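What follows is a set of structures for review.
Two complexes come next, and they have one chain in common, subunit A, joined by subunit B in the first and subunit C in the second.
Our next item is the complex of A and B:
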């Protein structure tokens, strides 16, 4: 009898120790993205002699942030399901190309061009989800194929010359107030659907366990399509504002967004495998940190092509710090 | 004897795919590709991606998809030629250094993979960006090879290299404990671990051997291009795109022939196809679109390859169950 009591006391102690450890890890995972954000702010302010915090650069960063934060809102739904999309950069570029061609070559009115620009990435994201959900092609590889396909289309579209958009004809789309209202609206709607609506809850449930989600009555494939459609719509909105900010569409348009997004997800502490710990604010914090990192390194005088390498190293380090290693040696 | 005949028949079946594709595009282009030069070009351009394929196949045998392979090839080419030119070591020096750099890069990947225990696909993405930036740190202008040294990527040298590499791959993959361990880990990691295999050692060795193949590919890549700019913004992915498709097609074909032959035929099919599209009048710009589309088709077919067999088995099972049911009712 006494042995049993001793064993159960030991078990309780072990359980309490494990709970404390898990709680510590939770706090660590929650705090580290904000520490990273503050570190970037302080570090780049020092190394750039305050230039990083100048009003001009802050405005510049808000412009850069706008793109990534809006995509982060859409990406939260996809990443919460444990999926990803590696074609969003090319989709953004193709949307700009289609918009530019409609506007310049076919003289379509802007109220038709904008919805078409939003629909292009929606279609491409739906294609990625279709390939993954219906044809069982791993989403990472499927989206890589779509990326190659879209990058080719973009190259063909701007092969003769870059498209120069007459941005002065559309002052509304480069107006800061419009951008801020759009940003707040997208974040607000995204937050509501992610945290208070069944779409977000089901996305996290699918990320946690797809079989359980299906057994609980969730139409998993439909929810996957919906999440990708939301991401596509966010990429489309970004494409519209980016085209009217830069004023040109080239073969490089949209390039690098996909990796920046992935980095944002990792830096923000958003779990790569999705599930119940997914929080939209993590993706947004990650997006802000990535923007600071890119801007700060450039301002510090680092070669833009080396910045890619630095981002790669940071990506590996953060993954190493935060990845769940419960699989032990059986990782592949 | 019967076994040998079966093997030869399998190889013939595998080789039939590029031949059929070649004949199809030859007919569609009005016989424009029916000449010795077109055949030789297709074979020659297959060599370098096929060697990258071997490296990718080794990784994929253990379930690791390495997206940084293209960046490792670029790294080996640019740093190898840069150092060789700087030290005045000539072509032998370049070959040695290209292989050494690729070996180091892939070994670093393997070490980090074992140490960090994160999925290879995710890790390779971060490493891709790092390896792309690496040559720019030392040789920002890229690398340049003298015209006289570019013979390695031309006939007949490239075919000798291909033959030797394929033979090495065949021996390593089929006739050594390393190859058997690799396939054991690939088919079931848990069982392999329980059987006493040292997963970390096998995976690290796999990365080292993969690096050797990527180093050989780096030599051929530099030789075929003559001069190279440093890659950026994941442009190195394009270096491995043909190999990437070839490896999936090769895996489909490997049910009939050894992977060393199957992946070569897979890459050759893709090369014949892209040359065929140009021959039928498709602009060069469309290459990426066609490549992406075919890769998608190949992936979809590859992912669902067992579906017809499964459906057939299900149907048979249903028929038997129906028969059993009727028999029970009548009794």
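Our next item is the complex of A and C:
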């Protein structure tokens, strides 16, 4: 019988073609989030007649980016583990409410108010992870419950009147240089822990396979708590800066952040199921794209209520196009 | 013998991503033929049978069934054409009764006035089950009442619904005990008598020799040779499969069951309900301790307790390390003190499929690789994993290749590589050669023996007696969660001596 050689010229050619195809797909997956980002930039510049790129709007966008990018850094750890959190928006609102009340009603000094504001979301995020770890409730449902709880607290806290924060008393906290330094520091420290430290590597192992991670000597539960605490701290930092930028705390404070974050994860090409392919830069690119999208659509004159709908449609479309169905459940 | 051809495949090609699973495969199966298909993991035998059974599409090439062009769209479509497959993994649907499992995808044919005629369905299911020799299973039973083996029999019944002309048996027998095996052999015999054909895939070469009248060998997606009864031999098959002669002994060559007196690990009166009670195990430096028995005798769970995955109810597991006694009651303590564990369920527990070879290999060593302020350099990771890939000669493009793309044997090598990197002292190996082909198996045995000589302690849990007898210094045979008998290494020991205590 004739033996077919795998090394014949024809077969080598086929192999080379298959290799090229696989390499192309890899590059495509890497590049596409950046294409999305540039597309938003160009598209909104055109439809707004350049208003999108005006210095005033750019400053505006940097302010808006600041919030989402810092949260993206923290969220990377949670999403890399294949987890998620739907309560961060409300947590951000409650942190501002607590900060505002301490500052205005109880006259606490600012150096106590800031740490407390950071610790409030840390506590709520820990609660979310605790509920899922101890009671084995899916984290999606657990975080939804905490979200409702926090949203209720926020409504009660600002029921009588919105809290008006005397911004001008604390110029440092709305100083652009301080914000940029904070942003760079958070990204730098986040990147280090995510890509060059075992905390990030363990997070990706946990996202890949919790059982394997545990058998490789990873304290899985502790690492999950830690990831949520990191996310909480990042939410807390943005709560501080947001409060001193807007100057008011209302029932709407922080709302929508959780959904923007989910959209950022998806748009940036960060795998929803976590694991090895998680890259922090994906979450950050996604966060910038979402900010542009929100800002651009508003500038274009689209009704804010419709913007939410458009984001929802984009979310579903991207998930449908990119989600690797063979990889298992979308949300654990 | 009628030489009419039932199935013929011409230049069948199939690729998964950049991996070519089948390259220009030509196969002809005649009436009355029992064709064995062998090859190492990843050689393409399962891919080929899946294509014939309609579970997978092909990239190019042609299939002919009884002379007519044949392009199955699904497994049900293939079954309607007279081609049925029994697969290796459990493929019954939980929560349904046996009859619904047998008639999956074809229940509509029992419709009467818009309703399913359950009476007829159950009657037909019972008849099919009786036909294949399992009358004790009834169509009305819930599938969850049945044990693994009986569920497999239900799958066999499913394959036989349409009286197929070509039956594909894909490594089904490895998962079965005597009852299921006899049933399959009888079925194959019957197919042969009725002048139908069988495509039989197995790792068990002796079994293949007995069952098949021709055997086709695949390697790397290419057909190497087809043997008939006259020139079949286990040695020839082995060397054709791996493409080289196997050197030296398959297992250990020495019969010297010596070890040091240095105790590495002790399990004192450990209990895990409902698997076992008050078990004592002592492992010495330089010892291969074999744990054997039936799959449900508790030995797998003993391994899990020793590595700290499960907690013992009584007593304790103590590791003697550098003159200290370390109590092992969780995996973190176990790993941090130089223990390693290879799970029986490799894909679910021992490796991260959707991850690179490199990050799998470094996964238990991240603490070791950390320097000042926990810094881990990607260069160190690469160096670390490349060293292990080379030492284990893992067949891959590079360390960045995904583990899920590797063959079973190479996946298992990755599992070993990650533990060798941490320089573990105590290795708990639960079925370390399960589902691995001969070539890699021989490598594994050599490696385990080498580890013994380096002074490590190895607990090897296995359902294969030959392997245990061939490798262990000492063997503990368990039955129903109790120690039945302990054997020392000896060339005089026979399988029969041990089986007595197992059953």
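Assorted remarks:
Here is the rule we go by: the second predicted complex is superposed on the first by the 302 of 332 C-alpha atoms of A that agree within 3 Å, B and C clash if a C-alpha of one lies under 4 Å from a C-alpha of the other, contacts with A are read in each partner's own complex, and residues count from 1 in each chain.
The rule is simple: a contact is a pair of C-beta atoms (placed from the backbone, for glycine too) under 8 Å apart; a residue touches a chain by one contact, two chains touch by 3 or more.
What you see is a predicted model, and the numbers here were worked out from it, not measured in a lab.
In the overlay built on the shared chain, the residue A:146 is in contact with subunit B alone; subunit C does not reach it. In the superposed model, A:12 lies in contact with neither subunit B nor subunit C. Of the two partner chains, subunit C is the only one touched by A:202; subunit B is not.
Residue contacts after overlaying the shared chain place A:189 against neither subunit B nor subunit C.
In the superposition on chain A, A:181 contacts neither subunit B nor subunit C.
With both structures placed on the common chain, the touch criterion links A:298 to neither subunit B nor subunit C. Looking at the superposition, the partner that touches the larger set of subunit A residues, subunit B or subunit C, turns out to be B. When the two structures are aligned on the shared chain, A:42 is found in touch with neither subunit B nor subunit C. In the three-chain superposition model, subunit A touches both subunit B and subunit C at residues 327.
Taken in their complex, subunit C has these residues touching subunit A: 13, 15, 17-20, 23-24, 220-226, 307, 309, 331-332, 334-336, 341, 343, 348-356, 359, 362-364, 366-367, 370, 374-378, 418.
By the touch criterion given at the top, residues 131, 135-138, 140-142, 144-153, 155-156, 159, 252, 255-256, 259, 262, 272, 303, 305-306, 308-313, 315-316, 319-320, 323, 325, 327-332 of subunit A touch subunit B in their complex. Residues 1, 3-6, 11, 14-15, 18-19, 21-22, 196-199, 201-202, 204-205, 208-209, 211-219, 275-277, 327 of subunit A touch subunit C in their complex.
Partner subunit A is touched in their complex by these residues of subunit B: 62-65, 112, 116-123, 125-130, 132-134, 136-137, 140, 189-190, 193, 199-200, 230, 232-234, 237, 241, 283, 285-293, 295-296, 299-300, 303-304.
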